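Shared chain: chain A. Partners: chain B in the first complex, chain C in the second.
Coming up: the complex of A and B.
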C-alpha cells in the first residue's frame, strides 16, 4: 500500500505535468483544472501515506551498475515533508487559478510546478543518496525555470540563473559527500550510511558532514549563500510561496536533520551549524528591517526562520527544528499567498505605495495578520510553540551567546513583522485606486492555510510519535501534545522570548520616540540594505569569471600558424612531462 | 543466422560510390530532359536504406559478442578485432548518421552537391566502423585518415563560402600535422619491435625512450582530432561552418573516434612493471588534458554569441569529462571510469547531436530572416540561406512558434549541463564515482573541479534556454518558415532517449558495460 501511495505522490504530479503541457496553452481553463486535480490527488495520497509510516524500504528498483537501487522509505520525516510539499503545493496551484488567470504560457508554469511537487516528494522519500541528489537537482531546475518564468524581464532571468548557480555550487558539496559515502560504504543507502558512519575514517566523515552542510546552506539560503533567495522573488508569487518559502528551501534543513545522527560527533560540525543558523537568522532579520519590497521582506524573514531551524539542529533539537519547519511552511505560505493577493490587486510590490489596504481587502488583511502573528511568535499560533521549542532546545544544549542572539532576533522578527503589516494594511491609502479583495480560489487557499496556522501546533504529539517510531537512528523521545504545551509554558526561555517580542512590537509602535536611536543605527541600515557585502562578493566572483573568459579569448587566434604552434607546444609539454616522470634525461 | 561484422564497413563503402553516381546520373538526366528533381531524391533514399540495413550486421555482431569477444576477421596480414569498444563506437556513429541522414533530406534539398554529402556521410560511417576494430597500428592510421578525408569534404560542403573554406583549410592542415606525428610514432614502434600488431604488442613492452616518444606522438597526433586543448583550435571553426548535420557528426562521433584510435594505440604501448601491473603513465596525462579541456571549453563558450560556436566550445569540455574518466580507468583500473566515460561518449553524441540538429532545424526555419544577412529594401531575397550563422538573440522567443524545437534544444543543453533527470547527469556521475573510488585526494579534487565546471557550463546553457522561452519573439522568429516533419522525427527520438537515459541509465548497459570492459582490457586491467 505504501509503495502505491509513494508512486502516486511522485507519479501523479509528474503525469499531470505532462498532461498540462500536452493540453496546450490554447485551453487555459483545462490547464487550471487539470493542474489542480492532479495536485489535490497527490496531496490526498500524501495524507493517506501518513497512516503507513514505517522505517521499511517499500520500493526498490535496481538502477544498474554504479547507480545502486532507487529506494523509497516512508519514514516519519519523509512522509511528513511529502505531505507538506503536496498539500502546500495543491493550495498554491488552487491559488494560481485566480492569480495566473489570463497569463500566457500557463502550460510551462503548471508543468514545472507539478514537476517540482513530485520531485520534492521524491527528495524526502527516497533513501538513496544518488537519487536524493537527483531529486535535489530537479528541484533546483524547476526553481530556476519558475523564477525566470517571465523570461522577457532581465531581472527574472538573472534571478533564476543566480538561484541555479548558487544552489548548484552548494550541490557540489552534497555530490562530493554522497560520492565519498558510496566509495567508503559501497552503498547509496542512507540507512546503511547512518549505521556505518562511525566506522568511516574521521577525515572522510568530516568531508561528508561539511559537504552536506554547504549543500544545505546553499539550498536553505543560509549565509553566505543566501543572496539568491531575495532575487528569486521575481517568480510569480504562488511559486515564491511554494518553492521559496514552504518546501524547497526546507530541503537543506531536512538533509541536516536526516543525517544528524551521523554528523553530530564530527568535531566542529555542530558549532558550524549553530554559526550558520544564527548568523543567517540575524543578518536576514536586519535586512528585513530596512527592505521596502513586500516580497523581499518575506524572503528575508524566510532566511531568518530557516536560520532558526538550522540553529535548532546544531543544538541537537531535531524535533524542534522539524516542528518549526512545519509551522513555518504553513504560516509563510499563508503570508506569501496573502501578499500575492495584495500584489495582484495593487500591481506593485513596493510597500511604500501600499497602505490603507485593510479597508479594501478585509479578508486578506485578517489572514495576513494571523500569519504575521505566527511569524512574530505570539501565542497561541503555531509559530509560537515551535519557536519556543527551538529556543528551549538552544538554552538547554547550546551555547549561551547563540541563545541570546536568537532571542534578540525574535524581537527583531516582531519588529519587522509589525512594520510590514502596518505599512501594507495600516494608515491611509495614498491615492485613488481600484482594489478588489482576493478571488474565490485565492480565498479558499488562504482560509485553509489560516486554519492551519491556528491549529497545526496541536499535532505536536502525533508528529513527535511518528518521528520517534520511524527514525531509530535519531533516538527521539516522543511526548504528547499537552506535555509539549506544558513544557513550553513553564520554560524560562518562553517568558524571556515573549518579553523580547513585546519589546520588538513596542519599538515599532513608539518608533517616533526612538528616532535618536534610529539615527545612530542609520549607517548600519545602509549596510543592511547593501546585503552586508555578500552581494558584492557574488558580483566579484561573476566578474572574475567573465574576466578570465575574456582573458583567454585571444588564445583562439584564428591564425593557422599559431594553431600549429599549439600542437607542437602540446607535444613539447607531453615530452617534458614524460622525461620528468620517468627520470629519463635526468 | 550470423552476419560477419565486416559488413558494417563493406556495405557503406560499396554503396557510397553508387549513391554518388545515382545523384550524378540524375543531374545529367535533369540537364537533358528537364525532369523535375523534386520527385527524385535517390542519393538520400539509398543512403538511408544502406544505413538502416547496417543495423542488421550490428545486432548480429552484438549477439556474437555475447558468445565470444573479440570477433576476429583476417585478410592476409590485416586483421580486424571487433570488441565491446568497437560495438559502442559503431552504435554511436551508425545511430547518429542514420538520424542525421534522415534529418538532412529536407535540410539539404536542392543544395548543390547533395549526392556528395550522402556518399561521404555513408562512407564515413563505414570507415568509422573499421577504425573501431583495426587490429594493427598502421591499419588504424589508414582508417583514421580515411575518416579525416571524408570529413574534410563534408566540412567544406558550402564550398562557395570563404568562411567554410577557411575552416576547411585549418582542419586539413592541423589534422595533417597530427597525422604525420602518428606515422612517426608508428615508425618508431615498428623500428623498436618489428611489428605493429596491437595485440602482439600490448602488455609486453618495456618503457624505452623511443616507445615513450611514440606514445607522446600518438597522444598529440590523435589528440588533434580529439580536440585536446591546446590542439583544439580547428574545432570551433569547423563545427560552426559545416552543415548542421555534419556539426552533429563531428562533435558527436568524429572527435570521439579520434579518442578511440588514441586509446587503441596507447593500449599497444602499455607495458607491465616488475610486478606485472600495467604502467599507468598515460592516465595522469589524459587527466591533465581533461582539466584544460573543461576549463578552456567552458570559459570560451561563456563569451560566445553564436549558437553553433557555443556548442562547439562545449564539445571541448565534454571531451574533458571523457578523458578524465578514461584517465582514471587507466591510472587506477576503475571499471566505473571506463564504463562512465563510454556512457558519456554515447550521451554526448546523443545530446550534442540533438543540440546541433535542433539548431540546424531552427537555422533552416529562420534562414531567410537571420539578422546577419543584410537586407535591401524592395529587392527580393535571392535564395534562402539556411547556413548563415545563428546568434543567440535570433532565438529569442523561438518557443512561441517552434515549441518542439525549443523543447528539444532546451533538453539537449540542460542535459549537457549535467542537470538530472537528463542523460548527461548520469554519465558524469559514473565518472565521478570512479574518481572517488580511487580514494586518491588529487583525483577527488579533480572530480570536485569537474563538478564545478558543470555548474559553470550552466552559465552559458541557461541563458540560451531563457532566450528560447521569451514571450517577445525576435524578428528572425517572426519571419521564420515552417519546419518539415521529417526533420522533427529524429529530434523527438533523440530527445526521448536523453530523458529516458536520465531516469534509467542501465538501458544502455548492454553497450557501455562491454565497452568499458574492453577499454580496461586494452590497458591491461
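Coming up: the complex of A and C.
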C-alpha cells in the first residue's frame, strides 16, 4: 500500500505535468482544472501515506551497480515533508486559478509547478543519497524555470540564473558528500550511512558533514548564500509561496535533520550550524526592517525563520526544528498567498504605495493578520509554539550568546511584521483606486491555510510520535501535545521571548518617540538596505571569473589542428597514468 | 627482428601503428577540410584493423569482425556528414582552409 501511495505522490504530479503540457495553451480552462485535479490527488495520497509511516524500504528499483538502488522509505520525516509539499502545492495551484487567469503560456507554468511538486516529494521520500541529489537538482531546475517565468523581464531572468548558480554551489557540496559516503561505505543508502558513519575516518566524515552544510545553506538561503532568495521574488507569487517559502527552501533544513545523527559528533560542525543559523536569522531580520517591497520583506523573513530551524538543529533540537518547519510552511504560504492577492489587485509590490487596503480587502486582511501573528510568534498560533520550542532547545543545549541573539531576532521579527502589516493594510489609501477582494479560488486556499495556521500546533503530539517511531537513528522521544504545551507555557524562555516580542511591537507602535534612535541607526539602516555587502561579494566573484576567462581565452585558437594536439596530449596523459597505476613499465 | 616478423600478429600490429601514425600526423598538419575527412578515414581504418587483430589475439575473432563491420558502417556516416559539411563550408566561406574559417578563435 505504502509503495503505491509513494508512486502516486511522485507520479501523479509528473503525469499531470505532461497532460497539462499536452492539452496546449489554447484551452486554459482545462489546464487550470487538470493541474488542480492532479495536485489535489497527490495531496490526498500524501495524507493517506501519513497512516503508513514506517522505517521499512517499501520500494526498491535496481538501477545498476554504479548508481545503486533507487529506494523509497516512508519514514516520519519524509512522509511529513511530502505531505507539506503536496498540500501546500495543491493550495498554490488552486490559488493560481484566480491569480494566473488570463496569463499566457499556462502550460509552461503548471507543468513546471507539477514537476516540482513530484520532485520535492521524491527528494524527501528517497533513501538513496544519489537520487536525493538527482531530485535536489530537479527542484533547482524547476525553481529556476519558474523564477524566470516572465522571460521578457530581464530582472526575472537574472534572478532565475542567480538562484540556479548559487544553488549549484550547494549541489556540488551535496554530490561531493554523497560520493565520499559511497566511497567509504560502498552504498548510497542513507540508513546504512547513518549506521556506519561513526566507523568512517574522522577527516572523511568532516568533508561529508561540511559538504552537506554548504549544500543546505545554499538551498535554504542561509548566509553567505542567502542573496538569491530576495531576487527570486520576481516569480509569480504562488510560486514564491510554494517553492521559496514552504517547500524547496526547507530541503536544506531537511538534509541537516536527516543526517544529524551522523554529523553531531564531528568537531566544530554543530558550532558551524549554530553560527550559520543565528547569523542568517539576524541579518535577514535587519534587512526585512528596511525593505519596502512586500515580497522582499517576506523573503527576508523566510531566510530569518529558516535560520531558526538551522539553529535548532545546531543545538540538537531536531524535533523543534521540524515542528517549526511545519508551522512556518503553513503560515508563510498563507502570508505569501495573501500578499499575492494584494499585489494582484493593487498592481504593485511597493508597500509605500499601498496602505488602507484593510477596508477594501477585509478577508485578505484578516488572514494576513493571522499569518503575521504566527510569524511574530504570538500565542496561540502555530508559530508561537514552534518558535518557543526552538528557543527552549537553544536555552537548554546551546550557547548563551546564540540564545540571546535569537530572542533579539524574535523582537525584530515582531517589529517588521507589525511594520509590514500596518504599511499594507493600515493608514489611509494614498489615491482613488478600484480594489476588489480576492477571488473564490484564492479565498479557498487562503481560508484553508488560515485554519492550518490556527490549528497545526495541535498536531505536536502525533507528529513527535511519528518521528520517534520511524527514525531510530535520531533517538527522539515522543511526548503528547499537552506535554509540549505545558513545557512551553512554563519555560522561562517563553516569558523572555514574549517580553522581547512585545517590545518589538511597542517599538513600531511608538516609533515617533524613538525617532532619535532611528536617526542614530540611520547609517546602519543604509547598510542593511545594501544587503551588508554580500551583493558586492557576489559581484567580485563574478568579475574575477569573467577576468580569468578573458585571460585564458587566447588558448582557444579555433584551429582544428591544435584541438587534435590537445586530444593527443590528454590521451598520452591517460595512458601514462594507466601504465603507472597498473605497474607496467615500473 | 626476423623472429618478430615471423608472427603475423606482430606484422598486423605494426600496420595498426603505421596507419595510426599516418592518421595523427595528417590530422596535425592538414589545413583542408576535405583532406581532413580523408585523413580521418585512415585513422579509423587503423582502428578497424586493431579490432580484427584484437579479436584474433583474444581468441574471439567473431566479435572482432562484427565490431569492425559496425565501425565501417558508422564511419561511412561520419565521412558523409564530414564531406557534406565541407561542401557547405566551401560554399559559404569560399574556401575549405581551416585557418580561414576559424570563427571560434578566442
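What we mean here is this: the second predicted complex is superposed on the first by the 553 of 586 C-alpha atoms of A that agree within 3 Å, B and C clash if a C-alpha of one lies under 4 Å from a C-alpha of the other, contacts with A are read in each partner's own complex, and residues count from 1 in each chain.
Basically, a contact is a pair of C-beta atoms (placed from the backbone, for glycine too) under 8 Å apart; a residue touches a chain by one contact, two chains touch by 3 or more.
The shown structure was predicted, so the numbers you read here are calculated from the model rather than taken from an experiment.
By the touch criterion defined above, A:554 reaches chain C but does not reach chain B.
By the touch criterion defined above, A:169 lies against chain B but remains apart from chain C after alignment on the C-alpha atoms of chain A. Touch counts on chain A: comparing chain C and chain B, the chain ahead is B. After overlaying the two complexes on the shared chain, residue contacts for A:160 are found with chain B alone; chain C is out of touch.
Within the superposed three-chain model, A:67 lies in touch with chain B and out of touch with chain C [touch as defined at top].
With both structures placed on the common chain, the touch criterion links A:545 to chain B but leaves chain C unconnected. Once chain A of one complex is fitted onto chain A of the other, the partner contacts of A:564 extend to both chain B and chain C.
Across the two superposed structures, the residue set of chain A contacted by chain B and also by chain C is 553, 555-558, 560, 564. On the side of chain A, the complex with chain C involves touching residues 553-561, 564-565, 568.
The residues of chain A lying in touch with chain B in their complex are 62-67, 104-105, 108, 130, 133-134, 137-138, 140-141, 144, 148, 150-152, 157, 160-161, 164-165, 168-169, 171-172, 175-176, 179-180, 182-183, 545-546, 548-550, 552-553, 555-558, 560, 562-564, 566-567, 569-571, 574-575, 577-578, 581-582, 584. Looking at the complex, you find that chain B touches chain A at residues 169-170, 173-174, 177-178, 181, 207, 209, 212-213, 215-217, 219-220, 223-224, 228, 230-231, 233-234, 236-237, 281, 284-285, 288, 296, 299-300, 302-303, 336, 339-340, 414, 419-421, 425-426, 429-430, 432-433, 435-437, 439, 444, 447-448, 451-452, 454-456, 458-459, 462-463, 466-467, 469-472, 504-506, 509, 513.
For chain C in complex with chain A, the residues that touch the partner chain are 24, 27-31, 36, 98-99, 102-106.
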